[in-house]
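Chains here go by letter, A, B, C, D, E and F, matching the order in which they are written, and residues are numbered from 1 within each.
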Amino acid sequence: MKFGILVNEGPYQHQASDTAYQFVKAALDQGHEIVRVFFYHDGVNNGTRLTTPPQDDRNIVNRWSELAKEHELDMVVCVAAAQRRGIVDADEAKRHGKDADNIADGFRISGLGQLIEAGIKADRMMIFGD
Amino acid sequence: MLHTVNKSPYEKNSVDTCLRMAKPGSDVLLIEDAVYAAIAGSKLEDEMRKAGAQLKLYALGPDLKTRGIAEDSLIDGIQVVGYDGFVELAAKNECVQSWL
Amino acid sequence: MANQTKKFLYINRRAPYGTVYALEGLETVLIGAAFEQDVSMAFMDDGVFQLKDHQDSGETGMKNFSPTYRALGDYEVTKLYVERESLEARGLRPEDLMALTYEDEDDDYKEKPSIHIVSSAELADILEIQDVIFNF
Amino acid sequence: MLHTVNKSPYEKNSVDTCLRMAKPGSDVLLIEDAVYAAIAGSKLEDEMRKAGAQLKLYALGPDLKTRGIAEDSLIDGIQVVGYDGFVELAAKNECVQSWL
Amino acid sequence: MANQTKKFLYINRRAPYGTVYALEGLETVLIGAAFEQDVSMAFMDDGVFQLKDHQDSGETGMKNFSPTYRALGDYEVTKLYVERESLEARGLRPEDLMALTYEDEDDDYKEKPSIHIVSSAELADILEIQDVIFNF
Amino acid sequence: MKFGILVNEGPYQHQASDTAYQFVKAALDQGHEIVRVFFYHDGVNNGTRLTTPPQDDRNIVNRWSELAKEHELDMVVCVAAAQRRGIVDADEAKRHGKDADNIADGFRISGLGQLIEAGIKADRMMIFGD
């Protein structure tokens, strides 16, 4: 079965990203396909490589990056939400005259159409938020 | 349809709205802070029992354990599932609605 | 994918301005309109406040995005279901809402209301027939 | 003491808790989504009127306007202030408690 | 500044884990303890869940920060007020909470309970005498 | 009178940062002093220079930076909260082996003690959050 995943909150502040991660892992374990993980609203903040959480805590960003690598997950950060919140890749940095970018491995920035497309392609759309 | 709720019923209106909207026979899964709705002996117990007569109520085990809620302190009839059970409930139902 | 049409429902349960969900949810609906799916919107709980007329955000310095709801008709998003019980509990009457309309191209472009006031029970029925539900 | 609340009373328990905790004579300022508590004709009107008999209730004007709530649609006795009035209320009271 | 002592109250109204406020609020209390102010904590509404015994976060993968509450006594944070009405509404008894204690250096280092169950009215009185209130 | 300000939510997602900004402006207009603006929890996300909000919307980060410059505001981002969420200055980047930083003008990263100190120094502590 094909699952689409929407994550609406950033790391640590709310449990949404944690629950989404555990759900995705469990779905993959059962042999389901993850069509896309889409990060919207503050969820885009899951996609920064600049976090350094305490060593005795989970690293939410790296965990997503590693899971994506292992399972070739398509992880998309909404461009409009990312612009409001300061998540940029090299292209976006250039386009908006920023002197740095902060996107983490395995995440790509794209439009909201990718969320709708996930809703169309997936058998089930799962939403994790606040 | 599978309804999920993730908010404490004492803090937000999400559980209330979910129970108002879920059709008899639906699956309702309590996750994150919504698992607090499952504790027996609370002021909500009657309401949850009534809901449980019409709906199939589940609570996410990992969220119960994280919050220190023992399974034997839950309202009767609420079934505990893990993340694998969450996936199975989502796969089994044709649509999933998340009450946030 | 091109020929597959699904019923998409966007549920709005939050007030505007206090949080961004209403604004960014609306952006999703507008983008989604290009995909030619069967789109509906539901407004319940504090989501009914999104449709309140006369919003004027000048003094808070926030962006007034309420005019965008008026554009929904042009995007062929014409089924906006508003829960009556939520309105009444909050002291709102239907006439306190923006008068959102669309031109019905199948009926000589007559202007018709997009907002449909429904009961909780009717809204529960509407939820039940959807393929994809987004919550904002 | 000045109590501020910023949550819709229909969504969260913050207004309830504020009214439970505020001592008679206290100032209570509704800001952000809490200004929805000030609308007359709602199911909360009685409760707000009772609170207003013991407390001095204010609502932040910019937040009312932003949300399209006319001053003449408010429950009697709720006074509208601007950001300057917010600052004055905070300065006037010895301590400020924000119910979030 | 050094000689000025203020009454600081940290109000905890949220459940742990669903949001980070409880954890990061607790970090504030620990740092604040070094400033030798008159510190109290209040637990009300869902904040009472922070003190629930037997928290075990292994399966969610989150950090179990409940042991940190046991360290509060060592930081001389010994006045933890828990609202009785909030406990009762939620189906919790006082014995469901962690048994937090401190050693009273003014009384031969006797071990004493840090948690005081108080009524809403008593808690309202405690609020009234504070100089600074933080909310988490 | 001396005000201390605590902002607990990031830009755009919640109104907290907007209300805090308007409150600070009004307080300054009345001749009050702002001891410190402390950004905690997701509030640290107000301190990134990488945002590019839509042109028809307010620029929350720049607005804080400009107000700080005009009134010499002390704007402090909590280091522990910032590490969890990926807000870093040049020093923090170096310390944690990050290849970029993203702190905006007028913000500085420091410890939670700065919040307690603000509570001690200020006549009134104002909290803006979710």
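Criterion: a contact is a pair of C-beta atoms (placed from the backbone, for glycine too) under 8 Å apart; a residue touches a chain by one contact, two chains touch by 3 or more.
Bear in mind that the values here come from a model prediction, so they are computed numbers and not experimental data.
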Shortest contact path, chain A to chain C, counted in steps: 1
Both-way neighbours, i.e. chains that touch chain F and touch chain B: A, C, D, E
Greatest separation from chain F - chain, by CA centre: B
Chain at maximum distance from chain A, centres defined as averaged CA atoms: D
Interface sides of chain A and chain F: same vs different residues, half threshold: same
Centre-of-Cα separation between chain F and chain C, whole angstrom: 34
Chain centre separation (chain B, chain C; CA means) in Å: 28
Centre-to-centre distance between chain F and chain A (centres being mean Cα positions), rounded to whole Å: 25
Chain E, residues touching no fewer than two other chains: 17-20, 45, 60, 62, 132-133, 135
Residues of chain F engaged with two or more neighbouring chains: 8, 12-13, 15, 19, 22, 41, 54, 57, 80, 125, 127, 129-130
For chain D, residues that touch 2 or more chains besides their own: 6, 10-11, 13, 32-33, 62, 82-83, 95-96, 98, 100
Interchain contacts (touch definition) - all pairs: A-B, A-C, A-E, A-F, B-C, B-D, B-E, C-D, C-F, D-E, D-F, E-F
Touching residues (chain side chain A, partner chain B) in the complex: 1, 3, 8, 15-16, 19, 22-23, 25-27, 29-30, 32, 123-130
Complex contact set, residues of chain F against chain A: 10-13, 41-42, 45, 48-54, 57, 61, 80, 83-88, 92-93, 96, 98, 100-102
Contact footprint of chain D on chain E as seen in their complex: 11, 13, 44-45, 120, 123-124, 127-128, 130-133, 135
Contact footprint of chain F on chain E as seen in their complex: 1, 4, 6, 8, 20-21, 24, 27-28, 31-32, 34-35, 37, 132-135
Chain C residues touching chain F - in the complex, by the definition given at the top: 17-20, 60-63
